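In what comes next, chain A is part of two complexes: it sits with chain B in the first one and with chain C in the second one.
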Partner chain A sequence: MDGDLSPLAGRDAASHLLERATATSVALEGVSKSYGGTAAVRDLTLQAGAGELLVLLGPSGCGKTTALRLVAGLESPSSGIVRIGSDVVNDVDPKDRDVAMVFQSYALYPHLSVARNIEFPLRSRHVPAAERTRLVGDVADSLRLSSLLERKPGQLSGGQRQRVALARAIVRRPKVFLMDEPLSNLDAQLRVDMRAELVELHARLGTTILYVTHDQVEAMTMGERVAVLNDGALQQLDVPAAVHDRPANAFVAGFIGSPPMNILRGRLVGEGDALFVAVPGGRLALGDELARAARRRDLDEVQLGVRPEALRIELGAAAVPVAGLLGTIAATVTLVELVGHEQNVACRLAGSQLVWVRAGAGGAPMRTGEPVVLGVTGPVHLFDPRDGARVEP
Partner chain B sequence: MHSSPAGRRTRLVAGRVTRYALLVVMAVVVLFPIYITVVNALLPSAEIAHRPPVLFPTHPQWSTFSTAFSHAHLGIYLRNSAIVTVAITVAELVTSVLAAYAFAFIRFPLRNTVFVLCLATLMVPMEATVIPNYRTIEAFGWYNTFPALIVPFAASGVGIFLLRQAFLGIPRDLRDAAALDGYGHLRFLMRVAVPLSRPVLAAFGIFAFMGAWNQYLWPLIVTQTDSVRTVPIGLRQLSAANVNQIDVIFAGTLLGALPIFVLLIVFQRQLVRGLTAGSVKG
Partner chain C sequence: MNGAGERWSRRAVREAAVAYLLLMPALVVFGIFVFYPLVKTAYLGFFTSPPAPNLPAHYVGLSQYRSVLGSSELRDDLWRTVQFVLYTVPVGIVLGIGLATLANQRLAGMQFFRTIYSSTVATSTAVASMIFFTLLNPEVGLFTYWLGKQGGNGVLQSPSLALPAVSVVTIWQNIGFTFILMSAALQSVPDDLLEAARVDGASSWYRFRTVTLPLLSPMIFFAATVGVIGGFQAFGQIDILTQGGPGNHTLVLIYDIYRQAFQYDNYGYAAVQSVALFAILLVLTSVQFRYFQRRVFYARSPHEEVR
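Showing the complex of A and B:
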């Protein structure tokens, strides 16, 4: 809070700024926010632990920015509680919440030099000039901005602007960083570099970070945990591996992965003890545990989730089922995408559903229109078609 | 239609000649009255009425300019005009900036209604408000004082409108970033909104200055003595009282218009930039 800074004189105020690296947790508890009739955030509950880098991931318009603005205090929740540390901050002014935000647009002041931009938050907190210069110098050094301090934002590249926005957030050592798609305006190469730099920065500062992105690669590589949002509601909050391997519902499954998981409509067919999922063009056997779980749910129709990596293309419509496969599906190649040395192949099933297959290197090049048999190597996932929820084995 | 290269060039040249001819005509139309004023200021009174009119003063009479100061109190009029104009310009800028900021950045009940009311003042001609304003001024005991000349013009619908537009061009993220950085409305206004709107502020400032400097009807009504009379009124009194000093009046007119000329020349670039450049980039 700036209130406890101002009484301190000169050097004390600044060293206080530097010391305050103790991390704080952030929590939204049952928070909703609607604009007029439309709900931007629905009953959102999530917590970022002290010092954690929590990624909010979701498609455009799912309420990620709104969630950050609620934490920052730029919006007040229609209902629910916002907590920073143990304090409820619903009625605390944005400037007193001690959070810093990196905006999607960077929000640099176009008329101020880089140095002035960075020291802007320090000026309002009455940090003496000498300290301001020193702090700005330090931050600029650490973000390789020292040679750009006299430029205006309009004279910087996208990556440089992004670093200025970061520097402005870092310089006052807030309790919490809120970052709204900070890398979305950068080209692919720079994005990869900045990703690593942000992770390193987080390790160095130890500050809690809420990081918003719609880029799942960013989320999976940077996040200690990932919160997947859709349509204003939390879908899953877990470590990246779990979000990938055990998606909580069909939405998460269909959102994560590149190409994402195939979701096929199918029917459960029992044969004695064994349980199969029948899809147009083939069927596959379910493992014992998954079969039991499906039976317990008393399902008939199911959504079958298969990652493109769990499919293998066997050329020729008449190929025989091979041992080790859960099953086979007949399909027709409709599109071949070359990604580096890999092929992503889109195949159409008899029921006209589209399935993506990740075909590794060395495989024969596919031709469109060719009939193929897809071998399912597993694992597969089942989702309840009524609510999309995962059938947990 | 087929055009040979030569034909095209002829047409290009013809186009350019026409354009310049038009510009020359327009320049003459604008500059000729000013030139005649200068000539008449330098001619003795007797020659001004001469037929055919004298277009070049062979014996320029520079003393009319000093006579304007010594006999016609031009010094006092200029001083009064300066006081009134600067006060009005500053007041209009301050009130417009504050009101425009509220309309652009702060949510309050009836915001749009109040804004439309502000705009509606643009549609009321000055002539319609002269009588009520005069009565108000009189009731305040301000007749023949500077407040009477200044206060009725301290706020401007045009200014509010122009600045609101400029402020609306400032991304909301800037306001939010500043709020997180600890800046309240007033400090955001001074440190960010105003600096970013400088071209519009300059353009409106010049506009306000010229409007105030050239005011005629209102100052005529509410002033009685030279101590508060502005240049246009002073010259008008002079011409009414002293027909044979018409050269002095021409000289006074020139001197009275001088601040406007200077202003336009000095701020020419600002004005053009205000009209062409967007206020916020990247």
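Showing the complex of A and C:
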């Protein structure tokens, strides 16, 4: 809808944009922020390395936007230290932090033209007119806004507004970009395109980016590392693959993935040397290392994490367990969701817990009410039900 | 086809009949209280008033219109009215924006100040005028005492100070309304924009000048036109404070109309002045309407439909 989608169009004209910035790290050290008695951010410690694209991911109200605003200086921390580079910026005014922010609403000035919007950070910093014109022209070229410079924001499409907001952030070449759900107001197709554009832009500029989103797909595809937040506290900070494969606790496990990981209540049962997790309708064997870790923790009740991809549906209650499975669980099909050529099947266990299974394309069509056996192909995860923490094998 | 066409036209007639029936009550009320007086006033302008009551009025055609509209009295009335508007409207708006900006700070107890600032809305012109009339009294007035002018000529009796003094009272009386308008407009400026401007490096004055003020401009224009129209109609404060005096120094057009009609029984003369005032207000109001149809609803929300 916006024509050529390559952000590299006009890159020659925008040569100064190709110079990689001297990147700066950003850190929150033990930062808390509360409003009245309500804590929005609790003892948050995280660092984005110089030039890193760090995604803050979490459900709404988890404090990710507050964390971003703390870095921007729009909020000041109740305690802790905010650092940009090696400088403590707790008491530094936003305009002196050399950061740029892209707001969820884009926050374009409705009474100013696109050119004046992009120019705003330069004007407010008294950049000479000739320099301003050159910089605005360059950044407009690189974001395909040249033909729109005289328009008002009200005359632009959502995607165009988004690019104006980006242009306004880029034009000054700040040390750090702060992006607060910048894609959430775009329709699905445009969001996918802009995701790629932003990653390219980051690669080109080399500027540190803190990127806030509640969309795990954005987080997993864009982030070099992902910080998962819940209830104001950091749950896990790691590369996307690790967040997916080794969730630090039951919250992260149940938040990441589509459908997310199944968390089942179970009980540890020892049989000789072997250790099993018994869940309603079946049980499964734990590997040696996981079993040792569970024994060390002296657990009785556990939370068992199984990804929908780690389950296989065997039709019929009497199906024989196939070799290679960790175990089987009896269940009943309650809902079948067709996602393209795949099926997401919700099954109910005897104990009424719901389990999602990702069934591949070739499988037989499922009918609701049908009794099935779920084969666990692994891997499985154990979480301590007392604090949700991962039992690390 | 023909049959269908006829059915349509019959239906159109019925719809029109219903529409006029529904309009009737409004038309009757407007007719009696607005259109008739309007026409009657214009008509009265064709007659000079009789020298004594109960004598027949004398038809003079357009000559009275010509003489009144070309008179230096009308020009002087209008100039005083314009001065009054120039004193009251800009100062009132600047003060209104200032107070609204102060009260827009997120501080404890601000509700108290908001109530105080908007309280003059609940004051009638008569009450406000009486308060200031007392304060400015040459013998016992507190302001007179502060100004050290006791016993001498009062402010309201001074040819050079009377109109400014009436203007000050008017500004004071209107400030509550202007404050409420400007507060509403300030609160509708999205926080996002001001925060974006902060991060973009704008000082607080630069933010106010380049973001807040432009977004207030529709409301400023509204307050200005309402203020100008109100200024042309300001009567109560002048009647109570100065009755147009000293000399004619506070004789604005509306007060002259009142004086001609009800003190000098010069209805025909007053009617022509009224038509002149009506024409001026008609132009001002149409300017206001035209502006608002175009400007007030301009893009603000990022979530709005894309045009």
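We take it that the second predicted complex is superposed on the first by the 373 of 393 C-alpha atoms of A that agree within 3 Å, B and C clash if a C-alpha of one lies under 4 Å from a C-alpha of the other, contacts with A are read in each partner's own complex, and residues count from 1 in each chain.
Heads up, the rule we're going with is that contacts are C-beta pairs under 8 Å (C-beta built on N, C-alpha and C of every residue); 3 or more make two chains touch, one makes a residue touch a chain.
Owing to the predicted nature of the structure, the values given are computational and were not obtained by experimental measurement.
Partners chain B and chain C, once the complexes are superposed on chain A, run into each other and clash.
Here chain B and chain C are compared by how many residues of chain A each touches, and C touches more.
With both structures placed on the common chain, the touch criterion links A:157 to chain C but leaves chain B unconnected. Of the two partner chains placed by superposition, chain B and chain C are both touched by A:111. By the touch criterion stated above, A:185 is placed in contact with chain C alone, chain B being left untouched. Residue overlap on chain A between its contacts with chain B in one complex and with chain C in the other: 72, 74, 94-95, 99-101, 103, 105, 107, 109-111, 120-121, 124-125, 153-154, 168. The touching residues of chain C, counted against chain A in their complex, run 190, 192-193, 195-203, 206, 210-211, 214-215, 217, 298-300, 302-304, 306-307. Within the complex, the chain A residues that touch chain B are 2, 69, 72, 74, 94-95, 99-101, 103-105, 107, 109-111, 120-121, 124-125, 153-154, 168.
Residues of chain A touching chain C in their complex: 72-74, 93-95, 97, 99-101, 103, 105-112, 120-121, 123-125, 152-158, 161, 168, 172, 178, 185.
Chain B contributes residues 171, 173-174, 176-183, 187, 192, 195-196, 280-282 to its touches with chain A in the complex.
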